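The structure's right below; bear with me while I get my questions together.
Chain IDs A, B, C and D follow the sequence of writing; residue 1 opens each chain.
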Amino acid sequence: MPELLRPGSIDEAADLIARHGAAASVLAGGTSLMRETYPSDGGYLIGVDRLGLDKVVSHDGGWSVGAAVPLSVLREAVPIAALQAATREIGGPAVQNMATVGGNLFARAPFGDLAPALLALGARLVFATAGGETTQSIEDFYAGWADGAPPRAGLLTRIEIDAPTGASAYMKCARRRYSTPSVVTVAACVEKDGGTVSGARIALSGASAHPFRCAGAERAVIGSGLDEAAVTAAAAAAESAVEPQTDSVASEWYRRRMTGVFVRRVLAALA
Amino acid sequence: MEDKLIRLTVNGRDEAVVIRPLATLQDVLRDTLELTAVKSGCGQGGCGSCSVLVDGELRLSCLTLAERAEGAEVTTLEGLNETNAIVPLQQAFVENYAAQCGYCTAGMVVAAKALLDRNPAPSRDEIVEGLSGNLCRCTGFAPIVRAVQQAAQALSDTGEEAS
Amino acid sequence: MAKVRGTGFAAVNYPTGMHLGGDPTQSLIHMTPAGDFVCTMASVDLGQGLRTVLAQIAAETLGVPYESIVVETADTDTGPHCTGTFASRTTHRAGNAVVMAAAEARKAMLEVAGELLEASPEDLETDGAGNIHIKGVAEKSVSVGEVAGAAHFGYGKTIAGRGAYLKPPSPMDPETGECDPDSTQAHACTVVEVEVDTETGVVEVIDMKSVYEVGQQVNPDLVKGQIVGGSWMGIGHALYETTAPGYPAIDPAPVDFQNYLQPGAAEMPEVACEVLEYPAESGPYGGKGVGEMVTNGPIPAIVNAINNALDVRITQIPVTPEVVLRALDEKRAQAEG
Amino acid sequence: MSMKELGVVGRNVGQRDLESHARGQTTYYEDVHYPRMLHLKMHRSAEPHANIVKVDTRKAAASPGVVCVLTHEDLPGKKVWNGLAAVGVGPEDEPVLAFDKVRWRGEPIVAVIAETPEAARAGAAKVEVEYDPLPGVFDVEEAISGSAPALTAHWPHNHYIYPDDHAASQIRFGDVEKGFAEADHIVEDKYQTSPIEQAPMETNGCIAKPGGDGRITVHTNTQAVHFARDNTAAILGLAPGKLRFLGGTVGGGFGGKVDVAVEPISVLAAMRTGRPVKFKYTREEEMQVSSTRSAWRLYIKDGVMNDGRIVARKITSYQDSGAYLRFSSYGSMKHAGHMPGPYTMPNVWVDARVVFTNRPPSSAMRGFGVMAASFAIELQMDKVAKTIGMDPWQLRLLNAYRNGDMRAHRKVNEDAAMVETIQAAARLAGHELPAEYQAMTSWDRKAS
């Protein structure tokens, strides 16, 4: 059974994470880690409930979201439709009251529905490390994942979200309406100059080992008017970019196909 | 790792309990305090049968470390009947046959209370969403949704609280 | 995005009791000194309400108030044998045993009442409200409580009854299958409308209507509870549920409710049902079993509706979105080829 | 049957347990509390098919909090069993705890009993089993093809053997080949159902409590208390009177609590330790270890006349029993006896086989044997209707069994009301039937 450690400060927590390395797991809302099968026989659970990471600060130009903010609080505090949609579809109300924004970003495939929304919004992640605070773009964070597991980047303390400069949309392909694991989730944020797309972030989760921004799909729509041809090209690019897994919810085949369908639907919603 | 003494309030009573390392809130409620309305259907956070209110918010007691409930106010289904009178929400479950085997019922009623406390006049879809973390294998959900609709109606008629 | 609708239906029959019989259930009923009755059983209540149903049957036969019956069950030290709660057998098997035990207890009760009223037991009737009187002479009456007191403290008699129901075992001829398999058959016909998203393959059951024929219903609300619950489980079986999504491969293997998918309340349509009653000769007051058959109509009705909506031929369950899309792809390929 | 005026039968009097459910006061098996209670966890096979080379329990026994470790060597009575042995079903083929071989992933091998559930789980994880893996077979038709490895010596061809050496539960009624020869159309298809978990909200479990007088009380959520008691006594070689089984209120069953899966080993552990022992399946065990509904594969071939009469139906079906028999032979007999569904046909041929594979053993669930039959038959009926261009409602009404008809199992039909049920459903759904179909009754075959 692992040992529970509940540091009283961020510095202490960052120090414990650095000291225990791979033996340490960060325990936030507990909705993944607390399952009956604890992660390991030994090791350490580092609780982050005493670190004051449960606040959302609204400021000019955006929000600073503590990593231990529960999903239900995020939904109330940050009025971005894509984020609100994402939080509504993760577990039931009890899970949404417990699961945290930070914890969800570390969820293993096919879970982790928040990530594509935050990727599309261009969020930045702030980590406390033994050497001080570091900031990373969320896409760089996911680019660092190896074998489906996150990098050891320190303690995620907050997520910085800028007010969106374009329209955003989020859709989850799932087998049930509520409290359902994803087949794939797709989020996009599109900036337009007149009728032409000047910037786009298109992100996917569930379809590969970790959430990612799909550069091919973004290229396909930038400079277009989100017309049928551009949307079709983006969907095709996404289908070829994903590396889905087969699990009990969906097969590799179905996930790939739904990647195209939902990229198309999300972009159609933004057209 | 040693046993610890924690204090919390459960159904209005101050309790001091000794917990094993990594004991869950469910362990404390079911095994130590013998509040057996708190069920243990999966231990994975997937069924909702262990639902309780922690400081008024719906939580899964199987995924909550007891140590982190220190100082909290916890309400289990038993807490709805402190005066022994059945509350309108429970009565609505009875009248609508919203239980068969009854194993999910305690969690379901607590989840419904959490919903009605927050939203006293929910739409059908809001009820469905509000109960979406709670599974039932017997009733097909329809009687449960009807019970919550009836309870909400009764509450708006009388101006009472859910429980 | 294209959504298409289709309808389908299925007609099913279902046997009451264990196949080939040989599945006994027994019952003991005794009267307490206060005039209520304890019906002792070993049957297990899975939530279907057997304590309620057996109390209704006991009260009906005894001619006493339903509220005066306690059903005490499932202690092997005290409860007489019950084969178990399965095979849609409890209302029928346990119900028949209760009818027998209650009839014997009623006879003993009327004998004591006859002594009190100085009348022959055959000339007595119960009013179901706790009184026994001479037929046609309402004022010549004694309460069940008075009878109990007299039996216990005056005459030193037991007012009790034993019941044992057994459909004799019928062998199945290994060559021809000749046998007497069941006590009776219940019937159902379910009609379903579905809507299918042809891009995602997701099927939504938007309407379900059923007619059931279950003999005399003992408790119509509880019958309806089984029908509605079974309708939902039928949706689960038809569209979602499997412990082996890659069957016959053993992986992936879902181990939790996130991966073992069942429909939620959002996936449950309004279910309309109508119940016909053609009492069964062998049933307690004509009752048949209903608990198991309730998934059997919805499952094929849903798949027939999907085939109707898409003009495809799917013959497996669960009909996952992938199964739908592959069927549509095959149809398209055939049309092109 | 003429009914006398009924009093309380037929009335809605509520349901007795509802208020205690709504108050959370209903007592389930695990809602009793005993001091000094121990917890049992099972070490299970990691392989679907393998010879067991060695089982080493030393580290498990030395694990903190572990009180007792039980292997097949500790079983005082039977090593292998079948729940229906007492009524003549056999041979007994399923190890209580695996010894020489494992035949499915999840098969129990060693029980570890400890002071807390966590200590029992940690102890069970420390059992070391050395396997010599064998090829497995998972598909029912592959299993009986002759090229697959035999799972046990009991079933050399991986299928159950019915009396008189029959490979299937059979129905032979009329002459199907003659029926096919006379038919205007032949309609064939293949059907497949999936293994499905009963998924009661409460998992299988029990608490075995020694009384100090040599008797043991077992709080259990079995669907059949006497059956569970008598099988537990038989497995352990105990006088049944030593056991008292208490149950009766169960958090859902659906057929998933008939296997006597937890009681024998818990009673043995209680006898060994003199302490109450609880064995509760985790949800993971409930999903992948407890019996599922059997998966069924069916082939149906119908001979059909232009006017819609089905004159012959031939059915071959394969019930996937998994690695052991459990109640599968019963299920296949019920399945065969149900054919050809609620329809009367002059020629019916059924071979219903029980096939053994390296999958978790399957068993009963709501509608054992019949659900798969109804599923396949009702899909087949739609195909027949489409083939001959007939309204599927009319096809079913035309062929629906009537009172007085001879069923394929040679019992004269009674209590039939299929025709009336279909007619009422057509009305409810707004499907208009021609007058002659509206006039049909379940009593009209003899009249016509």
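What we mean here is this: contacts are C-beta pairs under 8 Å (C-beta built on N, C-alpha and C of every residue); 3 or more make two chains touch, one makes a residue touch a chain.
Note that the structure is a prediction, hence the values are computed from the model and not measured.
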item	value
Minimum number of chain-to-chain contact steps, chain A to chain B	1
Chain of greatest Cα-centre distance to chain B	D
Contact-richer chain pair (by C-beta pairs counted) among B-C and B-D	B-D
Mean-CA-position distance for chain C and chain B (Å)	30
Geometric centre distance via CA averages, chain D-chain B, whole Å	34
Chain C-chain D separation of Cα centroids, rounded to whole Å	18
Whole-Å gap separating chain A and chain C, where each centre is the average of the chain's CA atoms	48
Contacts with 2+ other chains: residues of chain D	14-15, 17, 118, 199, 249-254, 282-284
Junction residues of chain A - those touching two or more other chains	1, 35-36, 177-179
Per-residue multi-chain contacts in chain C, two or more chains	46-47, 49, 221-222, 225, 230, 233, 253-254, 256-258, 260, 262, 264, 266
Arrangement of touching chains [line / ring / star / complete / other]	complete
Residue ranges of chain B in contact with chain A within the complex	1, 21-22, 24, 43-45, 48, 51, 57-60, 62-65, 67-68, 111, 114-115, 128-134
Residues on chain D engaged by chain B in the complex (per definition of touch)	14-15, 17-28, 30-31, 33, 116, 118, 199-203, 249-254, 282-283
Complex contact set, residues of chain C against chain A	1, 199-202, 240, 245-246, 252-254, 256, 258-261, 263-264, 266-267, 320-322, 325
Chain A residues touching chain D - in the complex, by the definition given at the top	1, 36-37, 41
Parts of chain B lying in touch with chain D, wherever the complex brings them together	20, 22, 31, 34, 36-44, 46-47, 49, 76-78, 80-81, 86, 90-91, 93-94, 97-106, 109, 135-138
